[in-house]
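This report concerns only the one structure given below.
Each chain gets a letter, A, B and C, in the order it is written, and its residues are counted from 1.
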Amino acid sequence: MSSGILGKITNIDRRILYWILFVVLAVPFISPIGLPVFVTPTSQAMYNSLNSLKKGDVVVLGINFGVSAWSECLPGSIACVKMVVRKEAKLIVFGMGTTDVAITWNEIMSKIPAFGAGTYKEGDDYAFFGFLPIQETTINLMATNFRQVFTKDTKGHLTDDIPMMKNFNGAKDCKLVLSSDTGDVGDYFIRYWQVPFKVAVGWIGIAMNASTGMTYIRSGNLVGLLSGVRGGAEMEKLIGEPGSATTNMDSISTSHLLVVIAVIIANVAYLATRRKA
Amino acid sequence: MIPIDVAAYPTEITGIIGIWVGLAIMLMIYSYPMYKETIAFRLAEHTFVATVMAITIVVNIDSLLRTSLVHLFTGEQLYLIIPIILGFAMYALIFPDYRWISRYPIAILVGSSLGLGMAASMVPSIVSQVISTATAPTTGAAIDWFNFAFIAIGTLCAVSYFLLTYEHKGIVKGPTQLGRYFIMIGLGAYFGNTVLFRFAMLSGRALFFLQVLKIVPM
Amino acid sequence: MSQIYRKQLVFVLTAIVAIIMVMSYFFTYEGITPITNQIQTWALIIQLIAIGIGAISLIRVHYRTIQRRVPGRWFLSAWLLIFFPLLTLIGLVNLATGTMNPFYDWVFTNVYVQGGQTMYAITGFYIFSAAYRAFRARTWDAALLLIAGCIVMLTNAPIGEVIWSGFPVIGTWLLNYGQVPAMRTFLITAALGLIAFGFRALLGKEMGFYGGGME
């Protein structure tokens, strides 16, 4: 290869790269490949924790991701809530850090028939408290005095008047926390709920949380970890209900392969150019 | 909120216009990386910033009403007028001569987060990690012992790379250099996960593009 | 005298609040719980009210753009300064009346949601171009980073298993054990740094977050 071609390869206009990437991402949706997804130990552990829930156990779901992270966190959250509903556990839902809690919770409910059919009822089986913009201090406060933070649910019912909240006022009354977030909130639940009160915490995070959360898995602070869309696809496989994450995995496959090939080509060209020089 | 079933292509005119406006915004924003900075990109950017700011303010006021002002208006906790005054004292930041007034509410914010952070991060971030690093496996499997040794040696070397702030020479040169390699492995894995994160979001956009154009079903 | 209430009292207040929060974490004294609950409630209220500062900054920046008639931008700033208060007003009317305005809901679903997803996803392009144009195996360190990154990418993508059955095995080991030393190091050193920074703030040595004029 001449250095002219090598030079062109390494200095290709980035706009061409972006167009190639967009096409590679889009094509698998038109023509799906259907590659199987293997289940990682951390996702299996999350499934096992949900599978061990008993009827009436209280699960806290923290929706701390915005609509911009729906592709990453939403499929895993939907799959986990399906398990909670399946096990007939109770669900307390709230969110912090983003304003999109209500629309995200609506989206989760729209994907689970039990909510629409009325078999999983608000007040008796689940309670939705909406959004608060603050994170660390509020999560700490909630651990010991939930009512101090959420006096009412989003429909204006006093927390004291909600049937399923009668025996719940903090971490001691909770069986499992599912923190679905894009960064720090899982840390806060570990610090203020898991460490002092030994509540089991599962993290439904973005893919980067597979790195940061792994240290907590190894130290026993987390019971399970779903990492991004991949974790969502694994959870969908485990519960036997493929969804949007499984659909996305083909697109992930082609785009990742593109990146690996691009890195190899660029480095081969670079090394060849360096050797010539 | 009017429920819009995003699982099906909308049939009412507002819904159809809505998804096409969403697509237009997406194309206007992506015109910047995929073509060049245009007035379309700037228009989409300004519209989005205005929308985010408006919604954030409305939601914050709603949260304030629900969580604290309700106690104030019912007369239960009248002393909550103090943090409300302190909250407005933050606006003194805008006036250079009176900026010092805003330091008091900031002091409460900083004090509470720092105090909590300092105390609460010790156990999960330091104690648990050190115990986990030093705890040998209970099984006799060779792979478990290999993993234990890998993590223990790697953590020690990597921590020494960060904490030993003097020049790495002599006896510390080897461990810190080794620590650097462990850090590179970790950062490489982090990069791989970052790519998954970014591409998952971008694939969502590609799917939306195809769905609005009815190339794939919504 | 003015220095005392502009500086020293501020540090004292920070230190008192921080020490109360630290004590509440380590000691289970009943009398301290109501105090810490109130401190945290007050912090919550202050942060909720303070969001207006962002709005004021936004208005100031764009007003200046209009005043200076910056070419290609001033009319967009004018559009922002019309649309933002209008939408805020509609939202506040929603709150007051308890009903949802269809226009507000439409803007939320089609501008905010779609715009947010699009803005966040734009970084995918940049990471691809960075991987292609900037990531070079110039040293052994960089080569190690790239190899680990490629293996993890081919583990996360189902196609990796199709190419070679070893990728998921090595990649899963990398994710579960290989990266742990580095991530554990970041966690430990960041926590130590936070504690050190906290002590400096308690002693009044850190002044950055109080705004200017503290030196």
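Assume contacts are C-beta pairs under 8 Å (C-beta built on N, C-alpha and C of every residue); 3 or more make two chains touch, one makes a residue touch a chain.
Everything quoted here is computed from the prediction, not taken from an experiment.
Engineer: Just say which it is for the chain contacts: an open line, a closed ring, a star, complete, or other.
Structural biologist: complete
Engineer: Per-chain C-alpha centres versus the global one: which chain is nearest?
Structural biologist: Central by C-alpha mean position: chain B.
Engineer: If you take the mean of the Cα atoms for each chain, which one ends up farthest from subunit B?
Structural biologist: The chain lying farthest from subunit B is A.
Engineer: Contact counts by the stated rule: is the higher one at B-C or A-B?
Structural biologist: B-C
Engineer: From the C-alpha centre of subunit A to that of subunit C, how far is it in Å?
Structural biologist: Computed value for the inter-centroid distance: 18 Å.
Engineer: Can you give the whole-Å distance between the Cα centres of subunit B and subunit C?
Structural biologist: The mean C-alpha positions of subunit B and subunit C differ by 5 Å.
Engineer: What whole-Å value do you get for the distance between subunit A and subunit B if each is reduced to the mean of its CA atoms?
Structural biologist: That gives a centre separation of 13 Å.
Engineer: What are the residues of subunit B that contact at least two other chains?
Structural biologist: Where subunit B meets two or more other chains at a single residue, that happens at 1, 33-34, 55-56, 60, 63, 67, 112-113, 116-117, 120-121, 129, 132, 151, 186, 189-190, 193-196, 199, 201-202, 204.
Engineer: Tell me, which residues of subunit C touch at least two other chains?
Structural biologist: 39-41, 43-44, 47-48, 51, 108-109, 112-113, 116-117, 119-121, 124-125, 131, 146, 149-150, 153, 156-157, 175, 179-180, 183-184, 186-187 - these are the residues of subunit C that touch more than one other chain.
Engineer: Residues of subunit A that contact two or more other chains, please.
Structural biologist: Subunit A, residues with two or more chain partners: 14, 18, 21, 68-71, 103, 132-133, 137, 140, 149, 207, 210-211, 215, 218, 230, 252, 255-256, 259.
Engineer: Considering the complex alone, what residue numbers of subunit B touch subunit C?
Structural biologist: It is residues 1-2, 4, 14, 18-19, 21-23, 25-26, 29-30, 32-34, 39, 42-44, 46-58, 60-65, 67-68, 80, 82-84, 86-88, 90-91, 93-94, 96, 99-100, 102-122, 125-126, 129-130, 132-133, 147, 150-151, 153-155, 157-159, 161-163, 179-196, 198-199, 201-202, 204-205, 208 of subunit B that touch subunit C.
Engineer: Would you pull the subunit B residues touching subunit A in the complex into a rising list?
Structural biologist: On the subunit B side, the touching residues are 1, 3, 5-7, 33-35, 55-56, 59-60, 63, 66-67, 70-71, 112-113, 116-117, 120-121, 123-124, 128-129, 131-132, 151, 186, 189-190, 193-197, 199-204, 206-207, 209-210, 215-216.
Engineer: Which residues of subunit A touch subunit B in the complex?
Structural biologist: On the subunit A side, the touching residues are 14-15, 18-19, 21-22, 25-26, 29-30, 68-72, 99, 102-103, 106-107, 110-111, 130-133, 136-137, 140, 149-152, 187, 190-192, 194-195, 206-208, 210-211, 215-216, 218-221, 227-230, 247-248, 251-252, 255-256, 259.
Engineer: Looking at the complex, which residues from subunit C come into contact with subunit B?
Structural biologist: Interface residues on the subunit C side: 5-6, 10-11, 13-22, 25-26, 39-56, 58, 72-73, 76-77, 79-80, 83-85, 87-88, 91-92, 94-95, 100, 102, 105-127, 131, 140-142, 144-153, 155-157, 174-175, 177-192, 194-195, 197-199, 201-202, 209-214.
Engineer: For subunit C, which residues are in contact with subunit A within the complex?
Structural biologist: 33, 37, 39-41, 43-44, 47-48, 51, 108-109, 112-113, 116-117, 119-121, 124-125, 128-129, 131-133, 135-137, 146, 149-150, 153-154, 156-162, 168, 172, 175-176, 179-180, 183-184, 186-187
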